[in-house]
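I'd like to ask you about the structure that follows.
Note that the chains are named A, B, C and D in the order they appear, and that numbering of residues resets to 1 at the start of each chain.
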Amino acid sequence: MPKLKINGKDVEVPQGSTIIQAFKASGVEICHYCWHPGLSVAGVCRLCMVQIEGIPKLQIACNTEVKEGMVVNNTAQGVQETVKWGLDFHLINHPLDCPICDQAGECGLQDQYMQFGQYDPQMAEHKVKKHKVIDLGPTVVLDSERCILCSRCVRFMDEVSKTHELGIFNRGDRSEIGTVEGKPLANNYSLNTVDICPVGALTSKDFRFRQRVWYLKEADSICPGCSTGCNVKVSYNEEGLWRIKPRENKEVNGYWMCDVGRDSYKFVNLKGRLLGGRVGRRGSWQDVDVVDAARSAGLKLRETVEKFGPDSVALVLTGQFTNEEYKDLLGFFVSNLKSKNVFHWLNNPDKVNEFDGLLFRGDRNPNTKGLVGAMIAAGVSGKWESLQSGLAGKKIKLVLVAGPENQAVFPDLEEKVKFLGQAESLVWMTSGTSTVLDQVMAETWQIPLKTYIEKAGSFTTYQGKVQSFKLGTTIVAQALNLSEVAELLAGRDLNWNLRPGGVGGVKVNYSTAQRGAL
Amino acid sequence: MSLVKRPDAKAEWFLPGILAGLWFTLKKMLWNLFNQQKMQTLNYPEQKYEYGPRFKGNHVLTVKKDGSIRCTACMLCATNCPAQCIKITAAENPDPSVEKYPIAYEIDVLRCVFCGFCEEACPVDAIRMGPEWQTAALNGSKFTYDIQQLAYRPQLKGGVLSVLDDQERHQAGI
Amino acid sequence: MFKLSKDSEEFVKKELTRYETTYSAIIPALFRVQKENGWVPPEAVPALSQLMKIPEAHINEVLYFYTMFNKKPVGKLHVQVCTNISCAMNGGRELAESLCKTFNVKEGAVSNDGKITISRVECLGSCGTAPMMQVNDRYLENLTPELAVRQLKEMGA
Amino acid sequence: MGQTRLLTEHYDKPEFQKLDGYKKHGGYAVLPKALGMDPKAITEQVKASGLRGRGGAGFPTGTKWSFLPANGEPRYLLCNADEGEPGTFKDRLMMERAPHQLIEGMIISAFAIASKKSYIYVRGEYDYSKAVLRTALDEAYQAGYLGKNILGSGFDHDMDVYSGAGAYICGEETGMISSLEGLKGQPKLKPPFPAVKGYLRKPTIVNNVETLAAVKYIIRDGGAAYRKYGTEKSPGTKLFSVSGSVVKPGNIEVPLGMPLKDIIFDLCGGLKPGRKLKAVIPGGSSAPVLTADEAMKAAMDYECLAQMGSMLGSGAIIVIDDSHSMVDLLQVTLHFYHHESCGQCTPCREGTGWISKILHDIVAGHAETKDIDLVKKISEQMMGKTICALSDAAAMPAISFVTKFRSEFEQHIQAAKSASGGLHHA
């Protein structure tokens, strides 16, 4: 563990670290564009210049290994002058279209200019003109003029996704990033290039022009897209969620996430959400308050157990909920109702073990492992066949279903709804509306659930790593989580003080003031 | 002032007061009739006050030479607006040299405080505070101005030309 | 659709094993394509990529990095006039201009009859014999405008 | 005073190009001797000779060879024949007139560093050189000087010619390695240096054509004998490519340390009639320019030129007479560096373009006096800030031109201004 001094501060870093890593570890600010912790060192932006005692020339921090006793600073006048000029070199051919650039507000050039630059521009010549609005593929748009050729995206394609779609063509200040005709930037990791682009050269088609980033707030969460459990940041405002970006976690996802995971904000937004309780059956639905719906479902449930015994009810769970919810719901169902009829609805059994080699897994549930663990802990292991025979033989009267949160990953949704709808009564807890569900003939309670961003809890990844997350924002005020549903089903009251919006609160919570109040 | 009549109050004679009032009105009317130039008030709406050129009145969205809207939907005006009365929805322009433009631009003039921060924030001279100040309308919804109203209302006679032309700027190498 | 000739395909395959890494064969392969076509059409990149099992982007990077690969069609005689310092001092730029005028062709463009392309290039390593130019792979040195025109005419311009 | 022909002794004989002719003049006579020596002893001889790299940087060759790590990894010897520095044309001559001389020098060098494979990276435009080298290689293979078990010594060596495709930056050693690896010819980050991790991340030695050819003569006569030529710190002979406004431009071989004035006025016949010496670029277009006064005092060796703030570089002497405008020539030079910047490092990519544009403006008369200072400021900020030395190569002439000939730049700007009535905007 070599020790070094950075701007007079003692820092100890692991053997083989570079100076820039030491800077990051010590929290001292250093200007840089091309260096990215998840990629190889390119050393081309020439901004992370530092002065090392005993070396006459300034060195780049990203390619210089730390040696014991090094004395490094980036505050010397020469360094600051160099960084200023380095920024000027970056900016002389950079277009001044911040007003329409999506990166504005989170742009490396803007930030670092304010922090390290602030010089008087002296460029009076014409800027180099390059191509704008180039369609690179289904997800990404390129603006060559804004590109500062840091080569992060190219390195990402070569080193991480290993798909090699991007290249830097031409040379000198005529260089442009691009793809070759016939091979667009189309892979499941393409949007990472947008994240790592320090300027607005690469923009996401999905997010482009939809919001200015300064209107958005960020919340940390876990991607519910598959069992990898990538750590993510969710950007939201009062209208809902707008995008998902990866958050660094070296043990799970490194610095990346897949494009499929980035879509997992769409089912959270109001459109397509179940906004309140619904009771009834095909043709006769009634909107009721969620608490009333859950209470009446609880009555029916307990009544059924009393009448026909605990084996007349069944609980079907999907791997989309948190460990805490499973524990509470199973606790209620197994301990209180004394029923062992708990079944695991696996949405894509034939793809469960697929893996693309990087992050994306075939098991499209965030918490399959947690569910299996919770079921073992509760001592239940329902076989799907016994549910089948139970339903066919009318032994099972009421089915309680914790249905899918992300319906898109449940190709068998329709089939399963029809299958479970054979029961006399159905308590379907879900976050999204479903036209199939509206067609069931059983007496049904639809109870709106919160999505992952609206609750706190933990998911267990495929590796068995338990990752907890906090509440980010609330989209549907009426929605409950499974723990709350379990309380209501058991006939108890909820501690409403803990709920944003309150019992009689507005149906849809538009007010940001109440966001994140939990 | 209480409107409840006190039971113990005496009945009063109002006539002298009324006459005094009528006399005052008559005096002013006669004075005004013979001193029309010195009159303190205007005969609105036949007469209208001329404000200075820097008056901040109703908003105008400027247009480009081809008549399309100059606004690039950068939302700086909306960000800067203290009354939060501007709402913009941006979209991708089919013309790649324009790139971004507003498909909806709404100003709620009832909330607007006419501070002029929007025109100050605008990097491209897309919004200006014009000289118009008559904003009366019969219906509440008429107070939300949309692009049609802001840029192409009949008073503007086809739109106000922006001083910043992208094409010219590109040719100048900016 | 672009297609390499059988011979060239064989050549490229041989080059692939000639060097320590298959990537080294990119430059020879592109030269071969240029020899066959006179220039390297963009469609050649996917074709080569398939043949050489190298990502298209990497081949394209190489193609666009080096100036000797013609990314646009050129005339039968590709005249490259050196205008770097020593040649500039000895009239290289004037030579290029007068050639353009004589053959009535714009710099870098192909003449109407497809016979000639005149372009200015950087130092060709023949500064002692300035001004000079390269016509296809031949060096013509110690030129005057008249001499250059005469030699080009002899070569069929 | 004449030339000292050590390497170029037989260059005037056309038969020297072929194996038979080469052998007639002592060709491949040194090779058996070298193969009989201890490889370390060869390196020692080269060190003793004080031979310095002839490509531009002037790094001692023997020292470079001794940087190779002793880790049993395959080693590569690369001959840098990507002669791109404007003004330089000596390597072309050496390859075309005496390919076997280079090949012999390379085999000896490869033996010294225990390399089994070497490449001659020839710049793409040199078609004739490539053809000559390829024929020579075939001859050498047939005669058993290359291939397995060379001359029964048990030493195996293969050699190949690789053609560049037009990029000045490939003359930089790591740029050349990138190009040889089939990538864009962009220089690589140092450290690691090529001697440790070069071609394909294996230890690699890159030497110039002239350096490798000289090795043959060092082994023939011994390192001490080589030191007889030249000065103490810059021993040996050097080929200079003289071009520009001299009566007899061309390549000359002289011992290092020869006064520049002798080269220009004796060996190259002086300036063209009626012209006066204005300036000399002593080491290729990237070397800082010398004024006429400085040029008259300069001696052509590494130390003297470094002392004068310039450098020997590749040994390309560009003589400028008073009929040429320094403004114009700097613009031509910077246009070249702008064209050739590989685009990797920002200061070089943007800086070369910026200076080039300013100089275009100055030439066109759209500039102001303060732009001269701006050129200097930009150049200063480009020096030593990038991966390779191209940005320095662009900055050095810019700085030296605008400082040493500032009055000419000012006059040009003033003249252009008054001609246009001062109506131009910057």
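For the reader, a short list of remarks on this structure follows.
We adopt the following convention: a contact is a pair of C-beta atoms (placed from the backbone, for glycine too) under 8 Å apart; a residue touches a chain by one contact, two chains touch by 3 or more.
Since we're looking at a predicted model, the values are computed, not measured.
The interface carrying the most C-beta pairs in contact is the one between chains C-D. With each centre defined as the average position of its C-alpha atoms, the distance from subunit A to subunit D rounds to 55 Å.
Centre-to-centre separation between subunit A and subunit C, using Cα means, comes to 51 Å.
Chain centres here are Cα means. That of subunit C falls 24 Å from that of subunit D. Separation between the centroids of subunit A and subunit B, computed from CA atoms only, is 45 Å. Shared interface positions of subunit B, defined as residues touching 2 or more other chains, are absent. Chain contacts: subunit A has residues 125-126, 168, 170-171 touching two or more partner chains. Across the assembly, subunit D contributes 167, 184, 339-340, 342 as residues in contact with two or more other chains. Chain pairs that touch one another, listed by label: A-B, A-C, A-D, C-D.
Chain contact summary for the complex, subunit B toward subunit A: residues 72-76, 79, 90-92, 96-97, 99-100, 123-124, 170, 172-174.
Per the touch definition, subunit C reaches subunit D in the complex via residues 18-28, 30-31, 54, 58, 61-62, 65-69, 83-86, 88-90, 122-130, 134, 137-139.
Contacts from subunit A toward subunit B in the complex involve residues 96-100, 104, 125-127, 129, 132-133, 208-210, 212, 214-215. Listing the residues of subunit A that touch subunit C in their complex gives 157, 164-171, 178-183.
For subunit D in complex with subunit C, the residues that touch the partner chain are 83-89, 91-92, 117, 123-128, 160, 162-168, 179-186, 199-200, 241-245, 249-251, 281, 285, 316, 318, 320, 324, 328-329, 332-333, 336, 339-340, 342.
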